[in-house]
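Both complexes below contain chain A, partnered by chain B and then by chain C.
And now, the complex of A and B:
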């Protein structure tokens, strides 16, 4: 996906500027600028309590920002909430269903709110998920409730699908159902998916873009492939003296072994290679690094930076 | 087609897919003119983003490992991947160098390195030996 092109066109499914939200004295979201290009899958990655859900709730109009702006599908959120809701699907961790309805009733009830409802798709998903139409929602297993929510969300052909920790607490089979169906949605032209997760594996498989969120701030936004290209582990023998590398730009973490040093570098390239060379590093070995390690190291480096302030 | 995605490896997923298809072709598990699954199908099967599969296919197409036929799908190329001999040597040298450096660092002797090399090569060549004719 070409992010430069998207910048020029300003073609975002979701855009926030200076988004803040406080709860009493607690600052849950602190100046978040998020731009989700149309037609991409965008993952919000963060530990529990990082502010992911708060951002999503504000984007859905369920929670008012303390300050800042939100645009969804090109419209300011305040203006046109009803219109926007018709085009945006939302699946949250706390699945909102009417307990006393049957599966079939839940479907016809939701159908009534959407002119764009696709009966064929709903029937197809009902079959694929083996959902019992006559069963009451209250009798459904946790996994089947999640599947029903996904069915309701996908059947009106939304332009933007927002999923807040969609697979949280689900068994691997239901989780796979979710991921496969989300993937098959994305394959359709023009759909945008924004989802939050604390499961790195999931974000890495499915997302084009990832934003790492920590304590209400975005630490990093990039495409997954770019992250993996620029973040590296660098390993070399120390031969008696340890080079001073801790302060070098882009060095996130330094691990000292008995006879080696291992660096986590955020922008690997000729420049870093040269400055390592100037400090006496010979034959550094460059290793790939997993998104999980990048996530952990980025969050830790930020914590250390704050502790040092 | 069996592809094993390991998100915890630092390698981008599109590279993992491309490498494994290349290996499958080299080992004869994928034969020339064999059809490959569509981008969408493979994305669903592997539970990865379709853009990732599309990027792997694009890279393989540029390298001449696979080709697209309008409206018919994607296929494994016929004999001879379009890469010059020098280029192929360069790629191989780079890969071998990494492996051999590891081997030296593991403390294997020259003799052991050569034996291992031969054994692996034998295994690969055996794996792609043609079926016996006549039966």
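And now, the complex of A and C:
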């Protein structure tokens, strides 16, 4: 994984600039700039209705941007959609399949569309996923439908795999297998994976990069490691008087206990430590922070900012 | 669209529509066979085939021609909604079409393919219906009439055959035009039932606007002799270029309108 090198060279699997999309008066996506480096696992994280699927559908050419640019594998989306689709696999949230086809027929039908189809890989995945070839799609469980979609997406060796809410509706065991094993394996092959989810835990498990989206805007884009380095929870005793920390730069959330205060800080460093000291905070304890805490506090802070609180 | 994709799409269409074909064949031909048998076994239906060349038989033919043409133009066209909406509207409605759109294939190729397959289905069904009706009538008549004489019935056979071919061409062209209108609506509206209603309304409007001309072109004008109301059966075997070309032009326009709407359609 050469994400740093990719950043320098500007070699992105997906790149959007000033992407907007409105539905009537509703602004679903507002000026999104996104760069997905090649060879990485990139998680789009946001609550339902945040705009994740709209961004993905625009990237796949299913929706037209109101304005803005999209490049997929170095090609502008309007140039040659067919050429892009030869190299990009997309598994939508709704997992579109023909219900009347059997698993084997679905594979055979999809095979006809892809010159790069790998029969050996398809057979391997069929065996690994324990999919019954003679069973009709309508008889498959949600988990097996998801697996079949993934088989169809991976068997033509795409360079970029886009998964829109891939674990939606799956039970926890299938979900974990999907995320931890399958997505990780795809990434190990050097392919780029862009997946959207509202489940923080699964993004945290496999993603190299994460973008937090709220109400059509990107609030945060970074590597998971960088986020965890800069975002911290800080706990300290208040001893009856609570220090004034509301104006402190980077403070996303303040939790008040009976004898302590806990801050969620977005840019932890010496400067924050010094500022806290100036406000009378003594011996602050830096606590580990989960991506869920970061996500919740970032979204909440943005909502409060908009509400003028 | 590569050969492999074409073959795969053709296979899918066949698998999805084969029961429609069977249902159509059964719905149309079973009553036809029953009616033919009932008529054939009636004593009054057993007439001298040689008499078909008589002026009395010509009057019977005139009635049959008008009835057959009118029936096929109206009732037969209801089949079109069945095939036009089923060919693409249902796939857009249940969003299974997304499966194809996620593949490396041009959208307009997909629509052209669907249009062509649906057009072949509808025109084949309408055409085969006419031919099989006439074939059944002729076979039953020949089988149960007395005094069968090839020399005596040849002229009437030629009239029946030419009438059948002409009626087939006319009805196929009209059906193609109406199919194209219904196809446009099924692309336009995502809900199949809206497309059916819109298709039916367009069909009615087309008949209100063109109805007199259509009947004139297909039936009256060619079958009326210059001396008045008597039927000129020889003229009935003729086809007129202008209205047929006009209807094909309308069908093409409706097809391109479908492509225009489809190209701008978003998959939400």
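Operating definition for what follows: the second predicted complex is superposed on the first by the 291 of 309 C-alpha atoms of A that agree within 3 Å, B and C clash if a C-alpha of one lies under 4 Å from a C-alpha of the other, contacts with A are read in each partner's own complex, and residues count from 1 in each chain.
Simple rule for what comes next: a residue touches a chain if its C-beta (ideal position, glycine included) is under 8 Å from a C-beta of that chain, and two chains touch if they have at least 3 such contacts.
Bear in mind that the values here come from a model prediction, so they are computed numbers and not experimental data.
K.L.:
Does the superposition put A:63 against chain B (first), chain C (second), both, or neither?
P.N.:
second
K.L.:
In the overlaid three-chain picture, which partner chain does A:244 touch, first (chain B) or second (chain C), both, or neither?
P.N.:
neither
K.L.:
Does chain B (first) or chain C (second) touch A:113, or do both, or does neither?
P.N.:
In the superposed model, A:113 contacts chain C only, not chain B.
K.L.:
Is A:292 contacted by the first partner chain B, the second partner chain C, both or neither?
P.N.:
first
K.L.:
Tell me the contact category for A:86 with respect to chain B and chain C: first, second, both or neither.
P.N.:
Touch status of A:86: second partner only.
K.L.:
Just chain B (first), just chain C (second), both, or neither: which does A:100 touch?
P.N.:
In the superposition, A:100 contacts chain C only.
K.L.:
Quick one: is A:176 in contact with chain B, with chain C, with both, or with neither? Answer first, second, both or neither.
P.N.:
In the superposed model, A:176 contacts chain B only, not chain C.
K.L.:
Counting contacts the way the document defines them, which residues of chain A are shared by the two interfaces, the one with chain B and the one with chain C?
P.N.:
none
K.L.:
Residues of chain C touching chain A in their complex?
P.N.:
Residue list for chain C touching chain A: 2, 4-5, 7-8, 11-12, 15-16, 95-96, 98-99, 101-106, 266-268.
K.L.:
Considering the complex alone, what residue numbers of chain A touch chain C?
P.N.:
57, 60, 62-64, 82-83, 85-86, 90, 92, 94, 96-101, 108-110, 112-115
K.L.:
Over in the complex, which chain A residues touch chain B? Could you list them?
P.N.:
Residues 1, 40-41, 176, 179-180, 183-184, 186-187, 200-201, 204-208, 224-225, 228-229, 232-233, 287-293 of chain A touch chain B in their complex.
K.L.:
Which bits of chain B are touching chain A when the two form their complex?
P.N.:
Residue list for chain B touching chain A: 5, 7-14, 39-40, 43-44, 46-51, 55.
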